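Pasting the structures here.
In the two complexes that follow, chain A is the common piece, with chain B as its partner first and chain C second.
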Partner chain A sequence: MSVLKKTFHINKKDFIHAGEASIKIKNLLKSLNTDPKLIRRVAVCGYEGEMNVVMHGGEGFLNIQINTGKILLNISDDGPGIEDIERAMEKGFSTALDKYREMGFGAGMGLPNMKENSDHFTIESEKNRGTRVGMVFFR
Partner chain B sequence: MIVKELTDQLELQIAAGEKGLSREVLDGYCGDLLSDVMGRAPEGCIWLTVQGHQNILAIAVLREMAAIIIVGGHTPDEDTRQKADEEGIPILLWPKSAFELAGRLWAIIGKK
Partner chain C sequence: MKQHSSYVYFDEAVCTGCAFSVKACPTRAIRVRNGRPLIMDGKCIGCGECIRVCPTGAMKAVTSGSEPLQKDRISVALVSPVLYSQFFGVPPGDVLQALRQMGFCHAVDMSYFLEMFQCAAEEFIVRNRKDEKFPWPLISPVCPVVVRLIALQFPSLLSHILPIMRPVALMAREVNRQLIRKYGKEESVTLYYINPCPTRMDADRIAFHHERPYIDKTLGINEVYADLTRELKKIRKPAKPDMLDYGPTENSLIWGLSGGEILDMHLDRTLAVSGLKETIAYLEKIEMGLFQDIEYIEFRTCPEGCVGGTLIAIDKYLAKNTIKKASRKCGFKRRVSADNIHRLYEKGWFSAKSSLAKTACLFSIQEEPLSIEELMEIDNILERIHGMDCSACGAPDCRTFAEDVVRGEASLDDCVVLRARGKSAEKI
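This part shows the complex of A and B:
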């Protein structure tokens, strides 16, 4: 199988289209006969990443690269960045605004869910310099 | 059991997504925190929530749910109804508490 790459744009505060990139990725992986458990893991990570960018980030991109042996998922944004990454990775810690919490977001599980559902997880961020999350899934 | 049979048995109101009424219900899940639902809801489940905004549809599609039941007299937004019709995921309404409905669902589809 050749390498397949796709990029999706994520708009700031766009709750209407949030999740659509992950649904497209899920359908794409399904059409490639990917193991359903792996599809679910990638979909969870994609969705959490999209929501993070929509709620906290600026403009963002979700990139997926599907190789024979692995899937790479990278999500980046040019938002305000994360001041304390260690705290952001703690389950239950969230900086989401009340209006997002009322919608059921901001449980402080987004980044931990992404880490748990991927085989390799990296996060890079600096105040005012955006955030980049990279995940690898072995097939 | 399919969504239509449960809808009839429990007298649930159908708010949207009628073309998905033949989806099979394999399990159930209750939750209003979307990350929790996204991380844990089982495939083919019927999901009980108070959330009525359209992001619930993305969760239901990604987790391959059978249907969503909005409980406690809450109602879906118009955008949510539209998206449910597009995706063919039924949105059902239950006027009383999730607790009572979950108990009744457990008696019908519950499993160890």
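This part shows the complex of A and C:
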């Protein structure tokens, strides 16, 4: 079975281009005639993931694999990592700097949103070892 | 692929086969094949961007501008208030009178229906705060290009479109009723929409097509401008009374500007966005879950709003100035009574007749979806071309070209980069 793989680089602190990888993924899914509701869920997760890397992580990658049955979305970065993953998963908990909150980001909904919108969600992180988020969507 | 879509057409005698419009088209609906321009009708949303960028004027809007008014028919002009912005310091009533002098039996002003729409939209939004049946942010249905853009490229946002009949549809319905009452259903009436842009049909207007016995046609504002200016110089007063007089007001002029629709709405969390690129960027963001704290977004794909339309006669900044002056003079008072609107709203008077599914199939083509293998093939071709979106092949960019090749609509030989590189595989 063929698998379409794509990797997108996420630049450090690059707010201007954050979200572009998710737009490209949306367009891929649209040409595959994917259900609009599913496209929306993947787009929300991709965007939240990209913003997380831009705000908290360092360099990062967004990786997507699509086959006929499912979509795998992996987002990883080499940033400072998350100390307390359980707290990070709470709605409204945020460690975003004030300057990002002033820009309208950092409401503490990123990870919970990603979990809610994906069919399967995993997160791995360790202090100073970066963060890896994996999501699965069934088509 | 044809030489025309429902909204625009190529004048092949003037077209040089350049790629300006090919590249400008937001839905990538235009190709140049063998020096001839072609449009995929189903993909054209009528935004008029091609008309704007064409350096030779080969791209034209589909209107009935060249035909003279038929003397033996009853011609009715349906007027968008954008028309008034073209004449500095001239009251709307005079513009309508000048239209009548030009040969229209009736000239109907739209502003009354704009106010009705505004009230109904407010009512809907206030109710939606309680039951949250529709997702935030709601999107204005007024600009038909936006509705078509969503149907074609952002189908997941169809449920965000405010399900209230558009002002032009409210007007068309009412005017038709009155005309039937006066003239009967005989085929002697022609309705002319005087428009700032090449947008003719929308789901609502089509949805009640069977109720309307009359032919309707479109005229660009630029097509009536010269005649109107002449008539305005010899305006006859007092104006001939018109049974379809809804009392035009100067404050309706503000609708021609971006932000005019929401300016007088009693809502705080609203946005006005204008310009095609900006509209697309916002729709992308809404699709990714942003702006859920905004209740209503007014989109206009033309820069500065409808005054920036492609069928406008005078420059948009001059028109903007006219609007600002007129609105300062008269303020913003509504004529429609809130109680009346409330009563009509309860009766379902404003509910859009077109369902989401109908809009989707009217305005979005069912393009054959690609398979995963085909997408991988596209990536392979892109890697081989390694080009810079030169458009010499007649497609807007390398990716679209690769997609055309995979779909069997173009040949790899059309790529000049591949041809120049030949077998040596050198990079250019």
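One rule holds in what follows: the second predicted complex is superposed on the first by the 138 of 139 C-alpha atoms of A that agree within 3 Å, B and C clash if a C-alpha of one lies under 4 Å from a C-alpha of the other, contacts with A are read in each partner's own complex, and residues count from 1 in each chain.
To be clear about the criterion, contacts are C-beta pairs under 8 Å (C-beta built on N, C-alpha and C of every residue); 3 or more make two chains touch, one makes a residue touch a chain.
Just so it is clear, the model here is predicted, and its values are computed rather than measured.
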Inset, instruction - Identify whether chain B and chain C fit side by side or clash on chain A in the overlaid structures. - result: clash
Inset, instruction - In the overlay, answer first, second, both or neither for which of chain B and chain C A:Ala18 touches. - result: first
Inset, instruction - State whether A:Leu97 touches chain B only (first), chain C only (second), both chains, or neither. - result: neither
Inset, instruction - Using the touch definition from the top, say if A:Leu32 reaches chain B (first), chain C (second), both or neither. - result: second
Inset, instruction - Using the touch definition from the top, say if A:Glu48 reaches chain B (first), chain C (second), both or neither. - result: both
Legend entry - Partner chain(s) touched by A:Val3 [first = chain B, second = chain C, both, neither]: second
Inset, instruction - Would you sort A:Asn67 into first (chain B), second (chain C), both or neither based on which partner it touches? - result: second
Inset, instruction - For A:Asn113, select first, second, both or neither according to whether it touches chain B, chain C, the two together, or no partner. - result: both
Legend entry - Part of chain C, among the options 38-46, 56-64 or 254-262, whose backbone runs into chain B after overlay: 254-262
Inset, instruction - Please write out, lowest number first, the residues of chain A touched by both chain B and chain C across the two complexes. - result: 19, 22-23, 26, 36, 40, 43-44, 47-48, 113
Inset, instruction - Mind listing the chain B positions that touch chain A in their complex? - result: 32-39, 43, 49, 51, 53-55, 57-59, 61-63, 79
Legend entry - Interfacial residue positions of chain A with respect to chain C in the complex: 2-4, 19, 22-23, 26, 28, 30-33, 36-37, 39-40, 43-44, 46-48, 66-68, 113
Legend entry - In the complex, chain C residues that touch chain A: 153, 155-156, 158, 284-285, 287-290, 369-373, 375-376, 403
Inset, instruction - Write out the stretch or stretches of chain A touching chain B in their complex. - result: 15-16, 18-20, 22-23, 26, 36, 40, 43-44, 47-48, 51, 103-105, 107-110, 113, 116-117
